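As written, the chains take the letters A, B, C, D, E and F, and residue 1 is the first residue of each chain.
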């Protein structure tokens, strides 16, 4: 990897926009997939309308746009396993974890057991997670 | 009925070009007339001939050009907005001493009067933007 | 002489829907599309406000944009009519003027 | 003029964005100046953050952008004399008519007397004005 | 380990300032610039909310963006510090991380 | 101190390119280093060589190019975002069989890894966008 001699920083990607209305969700995902190749400590945050990016059952045929929602379920294969969704953002939108895709990863340290990578966290906890980051990219 | 369409944002970044395209297709299919599609603000970027979207994605400029060819649509890019943002036809390229032009087939560059005319001549003016 | 007002932004993100409901005259129609469809869903922080506004306006929402966002036509607020692009076109012809709250 | 054989429509330009943060205010003004050459019935509306477009004393040197605020005072010369500002939008922002430029036109039917072209109107009245329009352009 | 949060949108138009104040940890700083400077002004619908947030955060506002919009440094909420671009740069170096609420 | 700068919107339409430019100028004047300016999303449009803004207005692309020349700035345009939006250098033009290229002097096209690297190498990453 072409990074700075073993430096590991906490990188956080904050997603606050609904998918399809703007390209930010898709182009954020493109950054994250590239970022996975660098040995950094990655967290993803979905808050505000960003929670709609993770909904199940997105169907884009009728709007003529590419459906990229399946890519989220591949994040585990990229070793991205800290995906935080703000609980209050879900609630304000009448959504719950059941409306979202189940995101998993296989834990190589635990005989490749499948584990959850998506965590619904409360506002205060999320604020704490954001506050610990070294580099934050916002979409 | 006669429609004027205004597209205020560039392709891909906002959904407006997609929405406008779906609207225009539906209107044409219903037998309505599209008097003009006017591209303003970042909408002028829909007229670039240099876009290369991923192969598995739609190519919005090609879709507009294709629709223009098939249905004789008048696709007008605002000259002032286009100059700011680097969309030029051959004429404009010459006038400004630039080395390249990038206006896609089926689009033409003209003034804001074409937008006002669209409002006057059309039965409905429908705007798509951010 | 009624106007079709269109709103393409989420009420959580922008003030477009709020401005529309403030400045659209009673008797007008409102079409929610693109990210604006979020405003048509039940059980959100804005559902009650929209439901109340239905006393003054006829509401429509674009189905294709609901489905793209993984939402469900069945969860649209009662009384809001779901339309497709053909319906969008018809709405513009059935009204005299279209105002887009950008 | 190249319009449709004497058709006169009510054209309304609604401005809801602050100046400089985005280009919409400037490019709206560019449309209005061209529109003035067509013999149509023009109204301008400033509501929400659009009211900031009309503030006095804009100074853009330090942000490196062109100050286009003086153009509003030239609108009278273009025979644009129906400029409506929503009163409630001003109030919510702690602004009043005194914070705005005084926009005037010379009335050719009244010995070129200088008259106000800017009207601060209440919400309900503004809703009525918008409702009467044939063509609305929104910025 | 404090973060500098920047907000460049008007609180009247978008939810960026609201989200920032919801998710920024107490002790952080907030810089308002571009259309975000509107949130720093006295006597607006949001002034009280911002003034209250000053218990938890240090607020800064970019002067050049205030003047561009015809607003007055003297009308900035008491306790919000007006900075220029040099001050903006200094704020980024004095904090460990910069988070832009886009 | 070492800064990474990210510009997410095109010139003129949003203030972000202006704000980034003013920030970079101030940082340089204070003796800081700019590790890289990365243009993403519509930000890639800052790299067009074909823009012709009104004579009494600033020319943002020229300002970036000038700053790059004077201070050796590394101005990187994201290749994926640029392809979608029609910003191509000579290489990309050839690869995609396009008739023109429009990348302004001082800009180069590269991948998203350059953004991540910017985050790793810089002491502070500052983003300007919509």
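Here is the rule we go by: contacts are C-beta pairs under 8 Å (C-beta built on N, C-alpha and C of every residue); 3 or more make two chains touch, one makes a residue touch a chain.
Note that the structure is a prediction, hence the values are computed from the model and not measured.
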Shortest contact path, chain A to chain F, counted in steps: 1
Co-neighbours of chain D and chain C - touch as defined: B, E
Centre-of-Cα separation between chain E and chain A, whole angstrom: 27
Where chain C and chain F are represented by their mean Cα positions, the distance between them in whole Å: 38
Gap in Å, rounded to a whole number, between the CA centres of chain E and chain C: 33
Chain centre separation in whole Å, for chain F relative to chain B (CA means): 26
Chain B, residues touching no fewer than two other chains: 12-13, 15, 19, 22, 41, 54, 80, 125, 127, 129
Residue list for chain A, restricted to those that touch at least two other chains: 16, 20-23, 48, 63, 65, 135-136, 138
Contacts with two or more other chains, residues of chain C listed in rising order: 8, 12-13, 15, 34-35, 64, 84-85, 97-98, 100, 102
Chains grouped in pairs wherever the two touch, ordered by label: A-B, A-C, A-E, A-F, B-C, B-D, B-F, C-D, C-E, D-E, D-F, E-F
Residue numbers on chain F that touch chain E, as the complex places them: 1, 3, 8, 15-16, 19, 22-23, 25-27, 29-30, 32, 123-130
Residues of chain D touching chain C in the complex: 14, 16, 47-48, 86, 123, 126-128, 130-136, 138-139
Complex interface listing, chain B residues touching chain A: 12-15, 18-19, 21-22, 54, 56-58
Interfacial residue positions of chain E with respect to chain D in the complex: 8-10, 12-13, 34-35, 38, 41-45, 47, 63-65, 67-72, 75, 84-85
Contact set on chain D toward chain B in their complex: 2-4, 7, 9, 11, 23-24, 27, 30-31, 34-35, 37-38, 40, 135-138
